[in-house]
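Each structure below is given as structure tokens.
You will see two complexes here that share subunit A, one where it goes with subunit B and one where it goes with subunit C.
Take a look at the complex of A and B:
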């Protein structure tokens, strides 16, 4: 168990390091000279050289990498190219906003999936089922950025119920969370539906009914637990999709999260900021992946007991 | 699984499946037709974009910016969908956007699928280290926030070209193809014909192309289609973020991003590209569904599960595991039945706990109706044990399930009465029935391990059931659970309570089921093939334990089995079923010693007996059960009966009395013929 855990931690560290390293070198090799980008065009060469020295980009590449890793271990992510702000502060300020958005969206998506999936499975091929499957097909074809815009046009510009952009309070969460949740939901809905239908055909479901359990308990305890397993697996598999969705939603709603931070930094070629953002996002991704695995083990005794 | 549903399916699988196919798949197929038509249209627009588009998508007309579409009062057909902020024609840009989006997605799909196909085939075919390495790589990639890197890379690369986009979108997809292809190759490799080819010395590469690729080819197009749908969305997303196609290529995502700036005055500029994406992805996904229907035969199989073989489950730890069917039967020699039957006198019919009267159960399927039970009547006295015996598909399990009102959809009771303690179970409310279940009518099933949920502990499930029958504290329920496990012969109840069904043997799980059933002290216990899945020693122990418990509690028992030898040993009365009807019923002792129906006789003759010398052939019953959807007039056993007469083929016999309390549904015992003597 301890060996497995150690192995897992090593793997997580490896992934994080690999992401950061790739990002580091791609930025340095592909992105052009930040010293020229920081200064206005036509700046004299001496000032550019000075800027390079200040940014540290005059050093050999490998030397820069070693310095970067050394600082990273001490928890220092450097300062931004432009405002000379500590990257760590900016990143740590943005992270909770993204986590709140993504977390609420996952919960909402799981909620949508459990409700719609159970309703659909109640009478397979009935009109309710077909409606739910239709929703799922439409939601799967809907790009998050478009849904976000349409929601803004209707609920913010037309009805003025929710703010169109910025994180300003509880109401400002509604549209971004709904946008992200709806785009996450279609596969979950179909999985829950399938799981509920399969469970109803299982011997143990009939045996539990024969034991006198009521329909409510059968569905809310027995079928629900069976359905929760594939949902958790899928959420784990969709983390990448969630990350991408979060970036888009943050761009649309001007949400002060990691995704927006990275996008803005990309625009200004702010290397330390991009690296910091990528690092934090990679850590969040890897940790969430781990949490999903733990949750699965916790919920499925076949995995938990089988392994120990 | 009891034999209820297999009985339905075994009836005639092909028409049943065809029925499903028309009703269900018609809707699916219509969706697939709509989807593929849409896809062909969109792909056509994409391919012929330069000729179809009314304008040059890049041509600016600053004198005519943000022109409204034709449905607006100010709109014109010159620019049917209006113009953007630079006066470019929206319709033309949408058409060229389709071209770019589909081309990028298709190319990315090709890269991902070719990589994955190669990796999957190599991995599946060579196995070993190659396989481990490939799958490990895939795992690492799945744990890798690829999209993050993609955004970072695309965001900083100067002079981004479509090729960059194709590579970044396409490469990560390999793992999906690789996994599916690998599993197909693995499955195919184990097939007989591939193995035979290997044994004959066919070269590996030839095997690969000859046998494995055709099977693999069935899955890849479906995944590829779904992949394209996903890639269209990803491409638009990157373009929307300004990380996708360079600005000189019209792209739906970029159009949306530009349109967003004029969201208030020209909302269609944002809405139209999104609709284009939706329609495209929807068409692609519907087509993928249709392809799955055509290609993947697995999806066409019905949901009916078929239990062809009933293998014994994990053996009890204390028993040897080599028990053939013959030894199993020999363990319960019929001659012991006489004393077994004599032990408890049959209950007087006046105090019947359960009266089943002319019960009829049907499974209406599209186009045909399966009559699983066709007019069954019997009584069960208090404390009495009734054995119901018959082959799979005889209707015995369906009868049992209808007593518990547990028939699987679409099965339903279409006639008759089930009087339990005076109330007709076919007419009471679901609530009232749920209150009876478990508490007064308990059931145990054939496959004990599958009858317990794999994700809850034994203790949880027992407490749950026990607390259902009375408002008890958790501790109280635990104590009852503990005691009832002890009562069924489990030596360490505390350990078992903390375990899960998959950690226990089939025999242990069946003990748990019996303990759960008996914990509520039910009036009636229905045991549907309770030991069929178990090995013979366990079977004997469990049946003995069950009999002791039932006798001690005075519980009435319906014991359903295909094994007439077990009935002989354990039941007071016996009902022999065939094709949904009772063919013979009476006190066990009498039916076993003087069987009157030819079918009962045949069943008894097929039981191996230790007193017969080795080498004596057992009589198998020739022929098969009739198709329950179209049972012919007359006696259902007539086609297999050695004593068949003309009347048997036209008239279904009544239950003729052959002795006190002993009836047989056979024309040989018709009052008109009894004088002719036994055959």
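Take a look at the complex of A and C:
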């Protein structure tokens, strides 16, 4: 068990290191010269050189990487190209905001999926099933940025129910969470629906039905636990999609999270901020995947027994 | 008996009257007369959402990024100011008076009693250190591109003399661009700026700059207590914030949002024609036919109808370019011929160029999310170019990618949809075509005119130099002038007094919240 955990930890560290290394080199090779961006075209070369010195981009590439790794081990993520401010402070302040947004979106999407999936599976191919599948198709085809803007226009600007931007309190979570949850829900709905349908064919379910249990109890007690297992797996698989969706949602709602941080830094070629954001996102991704794996083992005794 | 009751009643009434008089407001002013010495305390908070990211730190004169310079105007002061926006009308700021001693020397009297935000007094040494560094005399400066390096002599604690090796015609305008820093800060820059301006920076985040009113300002303190500038790149998000009340002012309203905001209750627009030349800039050496053949250059200029770009795409107060010096620039004048979409003229020029089939393919780069409607403008231009037989290939990038291609040894772009903003003086507008910059084609006559314009002091003679310069560069057609930008700020109706000028200056010193 301990050996397995240690191996898993080593795996996670390797993935994180690989991600930040790739990000480091790709940025410096393909993303151009940040010193040129800060100064107007035609700025004297002496100023450009001075800027490169200030940004640290005048050093050889490998030297920059070694410096970066050395600082990383000490927990120093460097200073931004924009304003020479500590990257670590910025990313650590942003991370909880993204986790809160994503976490609530996952819960909301899971809730939507379980309810709609169960309703759809109750009478497969019936009108309710077709309605739910229609919702799933529509939600899948709807871009997050469009949905977010429409929600803002209607609920913020027209009805004044929720704020249009910023993270200002509980009400400010509603529109961003709904936007993210709706875009995440289609695949969960279809999976839950399928899972419920399959469960209805299981012996234990048919036996329970034969004993005269009501439909509601059948679905909520006997089928739910089985049907919800794939949701957990899917959430783990959709984490990357979730983080990507969070970038779009954070931009629309000016949400102070990692996604917006990275997006703005990309446009400015702020290498240290991009690296810091990618590092934190990578850590969050591998840790959450690990948690999902653990959760799955906890919920499904067959996995625990099989493993042992 | 009756007389005693009357006397008693009168006595009670008198006593009541006395009590009532004693309870009156001690501070009550005579009606119609306010205390003229009373200063309103700064109050309220204004959030301004800016469209361009904050690029720079507070290293002195290390960046000319527009967002940085606009921000610095809230925190720093200058020797002279141009509150009217007219480069020919300087007004005192940190200098109270000035005189030109000779062709090479100016003398300035400094304002007494001015303090930096840290409480230290402004002295001539601070002005000396600022101007010498900013002009490029004592070190490298990003501001020095439009200067002749200036040597500053401290005459006394409140008097300086500024000298240049050659006559420097735009001295006053350029002094209105160099913020005055403390000599100590220049010697040892700190993380937070230390200016003499109406606002002091109290919180410096990557994308949020929070300022508070400087209550020790040498003029009346600003009327806003808290001023927050925040970068939000997405224009829709900025607009939502304004309509939602989360922000009181937003920057660079995109053209497509102007009609909606014009009709919006509670929102006002402030617009100007920006002193900004939006051109198709041609990179020397990338398209040999362009470098060598004036007829080909003129053919390209005859292939674009600028007015519809302005009327239908860019909108607002944008104006079709009629000169290489933008409108609102001193001495700018419309040039002839007025280039428009004329396939016959384009065909004639292509024939004269020996390229009746339109010439070679070339890459025309445009950045998304940079200039308003950039990709749409370029698509319209390309359609017109193709109609006369030219063969542009559009490359869409972000601004960083485009900058990289311009300067890369392996860059493939020939033309770039870009802008150059200046301060209203023709020297600042013309320098971009000089040998200092990447857009110079080795035109020595043009360089001579640029140098002459910078060093000619007599206004009439200077005007003639710039008339010749504009005519020369128009005839040579080294680049393709398109239009001068619209510059529009939107703000809530309860925010009054925001100053917006064509050089993109956005001042909140006189702003106040009226509700």
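Going forward, the second predicted complex is superposed on the first by the 292 of 308 C-alpha atoms of A that agree within 3 Å, B and C clash if a C-alpha of one lies under 4 Å from a C-alpha of the other, contacts with A are read in each partner's own complex, and residues count from 1 in each chain.
We take it that contacts are C-beta pairs under 8 Å (C-beta built on N, C-alpha and C of every residue); 3 or more make two chains touch, one makes a residue touch a chain.
Please read all numbers here as calculations on a predicted model, not as lab measurements.
J.: Can A:67 be said to touch subunit B (first), subunit C (second), both, or neither?
T.: Neither partner.
J.: For the overlaid complexes, name the partner, subunit B or subunit C, with more touching residues on subunit A.
T.: B
J.: Is A:131 touching anything from subunit B or subunit C once the two structures are fitted on A? First, second, both or neither.
T.: A:131 sits against neither subunit B nor subunit C.
J.: Does subunit B (first) or subunit C (second) touch A:220, or do both, or does neither?
T.: neither
J.: Kindly classify A:262 by the partners it touches after superposition: subunit B alone (first), subunit C alone (second), both, or neither?
T.: Only subunit B is touched by A:262; subunit C is not.
J.: Contacts for A:165 in the overlay, against subunit B (first) and subunit C (second): which applies, first, second, both or neither?
T.: After superposition on chain A, A:165 lies in contact with subunit C alone.
J.: With the two structures laid over each other on chain A, which partner does A:22 touch: subunit B (first), subunit C (second), both, or neither?
T.: In the superposed model, A:22 contacts subunit B only, not subunit C.
J.: When the two structures are overlaid on chain A, which partner does A:207 contact: first (subunit B), second (subunit C), both, or neither?
T.: first
J.: With both complexes superposed on chain A, which partner does A:251 reach: first (subunit B), second (subunit C), both or neither?
T.: It touches subunit B and subunit C both.
J.: Scan A:149 for contacts with subunit B and subunit C and give back first, second, both or neither.
T.: In the superposition, A:149 contacts both subunit B and subunit C.
J.: Under the contact rule defined above, give the subunit A residues that sit at the interface with subunit B and also at the interface with subunit C.
T.: On subunit A, the residues that contact subunit B in one structure and subunit C in the other are 31-32, 149, 152-153, 157, 251, 263, 267, 269.
J.: In the complex formed with subunit B, which residues of subunit A make contact?
T.: Residues in contact with subunit B: 11-12, 15, 18-19, 22-23, 26-27, 30-32, 125, 130, 137-138, 140-147, 149-150, 152-153, 157, 197, 201-215, 217, 221-222, 225-226, 229, 237, 239-241, 243-244, 247-248, 251, 262-263, 266-267, 269, 274, 278, 281-282, 285-286, 289, 299-302, 305.
J.: Within their complex, state which residues of subunit A touch subunit C.
T.: It comes out as residues 31-34, 36-44, 46-47, 50-51, 54, 80-85, 90, 149, 152-153, 156-157, 163-166, 251-254, 263-264, 267-269, 273.
J.: Flag every residue of subunit C that touches subunit A in the complex, lowest number first.
T.: Interface residues on subunit C, with respect to subunit A: 53-57, 59, 62-65, 140-142, 144-145, 191, 204-207, 231-234, 236-237, 240-241, 243-244, 246, 369, 398-401, 403-404, 406-408, 418, 420, 432, 436-439.
J.: For a test of understanding, state which residues of subunit B touch subunit A in their complex under the given definition.
T.: 1, 23-24, 27, 140, 142-149, 151-153, 155-158, 229, 233-234, 236-237, 240-241, 243, 253, 256-257, 260, 263-264, 267, 270-271, 273-274, 277-282, 285-286, 303, 305, 404, 406, 408, 430, 434-439, 442-445, 447, 450-457, 461, 464-465, 468-469, 500, 502-503, 513, 516-517, 520
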